[in-house]
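First chain A sits with chain B, and in the next complex the same chain sits with chain C.
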Partner chain A sequence: MATTTATISISSGDLIPGSNLSVNASSTLMKAGLTTGLTQLRTGYESIATGTEFRLGPLATETSGSVHDIASWVYICNKATDDTYYIDWGIHETMIGRLYAGDWMFIPWNASDDDAEIEIEAQNGTQTIEYAFFASDLVLPTAAS
Partner chain B sequence: MATINATVSINSDISSYPVNINSSMTMMKAGLCTGLDETTGLRTKKFTSTTDAVIVEHDELTDDKAHKVYIRNTSSSKEYFFYVAYNASAAAAGTAEVIGKLYGGDWMLFPYDGNVNITVASSTTETQTLEYMVFADGVVAAKG
Partner chain C sequence: MGTLTATLTLNDTTTFSDVLNFSTSKALTTGTPSQGLTKQTITTADNQELVDNGVSGVFYFYAKNNDSTNFVILQTTASEQYARLSPGEFCFFPVNDGNGLEARADTASIELEYAFFKKG
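And then the complex of A and B:
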């Protein structure tokens, strides 16, 4: 069994006057509802042009055949350095947030169906992202005949 | 201006070569090199039903900004989870837009535009606890 561990540390000495903020958490990524570790991985480092919404990663039907709603995890980091650049990210047609230059995000993604894909769109300039999908199943697209 | 640093470390032996992802960020205001300096505070909430609930109300935050949301299921069970959704009403399970499922011990951090509520729904009537915090790029003061 593979073991994937994700650890976060958030700290600030001046966000809350008179109190140091220190949030720390660590989790081992498991298959949905199980204590068995995730076993599949897809990583990338790609340049994203502006003006188009792109799908990042697989469709639900490419993650586990006919069985969706699984426990996948997504890490994305925007490697841009211009403070005005950001990546809109969302699920399907709904944008949820802006991943600005230098920012990272880490989320569970349940891929309930093919309309639950992760979408991204670069704003203000071409940007490079680094990403990783940790999943219990990834299915390659069928080759064209 | 405050300085809020967030670091992630992901280590895995899924592949034959070690995967070691390490990334740090200082949370900045949208389009600026000025740090976020507001928060809704760290909150802890117990859930004992599957009723959907809003944990982040978007009207407390400025729209279209660079907020960050941290959520952790502090329970230990890998059987139960919370749906986490970006949703206008308090309906997380099975409705758009569900982001994912947060099982016991799992955490997530994501950028949030502040335009729609963040809702959750527990998968069980067993007690589960969430801790969550918004690092805000603009908090809207409550009207008197």
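And then the complex of A and C:
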């Protein structure tokens, strides 16, 4: 069985008064229904020019899940080293978060429809992102006849 | 105010012909306000605000769904849904300035463990 395990550790010695912070959590990346592991993985690097909107991952109609309501996970790291650089990321036209140089994120993503795509926009300079996309039910495009 | 070290590890020895073993870590400088680790019951009755969109700044947000059966939806304070945490799953990401974050249980109330820290 496919068993991709994601583990997070968050720690600090000076954030919480009177105690150290040490959070550890782990989970297996599963398809919807939590009985089968995810088996499709896309990884790589992308260079994103300033001001351009970049779509990461497929559109819902490029998947074959039940009404496209599939479970997916997205990891993104902004590999920029200039502290003034950042990328904005969001779902379709709604901005959700901002990754500054070196920051990373890991979230579940639900490709409910073609207006739920992940959009990334670089600010202040061209930036390279490192990404991993765990999914199921991705459909390859058919060859042109 | 403090330094938060966040580390993500992805490991898989069974799915592919090659082993996936990946880790990334970042020391994050944080400011105020921050909310240390806490637990909150999230109900189906309404959207429940965890990060106030009226407080300026980027917030590093961590959450884990402690329920064993039901999922919880994460969304902006404008009710734009973007993530679904199944039982036992977690997430970590930066919430943008002014977006805020709300949670809403789908089928039944769940216990959400969460924390957030303002980027310093």
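Here is the rule we use: the second predicted complex is superposed on the first by the 139 of 145 C-alpha atoms of A that agree within 3 Å, B and C clash if a C-alpha of one lies under 4 Å from a C-alpha of the other, contacts with A are read in each partner's own complex, and residues count from 1 in each chain.
In the analysis below, contacts are C-beta pairs under 8 Å (C-beta built on N, C-alpha and C of every residue); 3 or more make two chains touch, one makes a residue touch a chain.
Please read all numbers here as calculations on a predicted model, not as lab measurements.
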- Message: Let's test your reading of the overlay: on chain A, do chain B and chain C clash or fit side by side?
- Response: clash
- Item | Touched partner set for A:T94, first chain B, second chain C, both or neither | both
- chain B versus chain C as contact partner of A:L21, first or second or both or neither: both
- Given the touch rule stated above, what does A:T35 touch, chain B (first), chain C (second), both, or neither? first
- Message: Is A:T5 touching anything from chain B or chain C once the two structures are fitted on A? First, second, both or neither.
- Response: both
- Query: Does chain B (first) or chain C (second) touch A:D103, or do both, or does neither?
  - Reply: both
- Note on the structure: On chain A, the footprints of chain B and chain C overlap at residues 2-16, 21, 23, 25, 27, 30, 32, 34, 39, 41, 71, 75, 77, 90-91, 94-100, 102-110, 112, 116, 132
- Note on the structure: Residue positions on chain B within touch of chain A in the complex are 2-15, 19, 21, 23, 25-28, 30-33, 36-37, 39, 42, 65-67, 70, 72, 78-79, 81, 83-84, 86, 94, 96-103, 105-113, 116, 133, 135
- Taking the complex as given, what residues does chain C use to touch chain A? 1-16, 20, 22, 24, 26, 28, 30, 34, 36-37, 58, 62, 64, 76, 78, 80-97, 99, 115, 117, 119
- Tell me, which parts of chain A touch chain B in their complex? 2-16, 21, 23, 25, 27-30, 32-35, 38-41, 43, 71-72, 75, 77, 83-84, 86, 89-92, 94-100, 102-110, 112, 116, 132, 134
- Hey, which residues of chain A end up touching chain C in the complex? 1-16, 21, 23, 25, 27, 30, 32, 34, 37, 39, 41, 71, 75, 77, 88, 90-91, 94-100, 102-110, 112, 116, 132
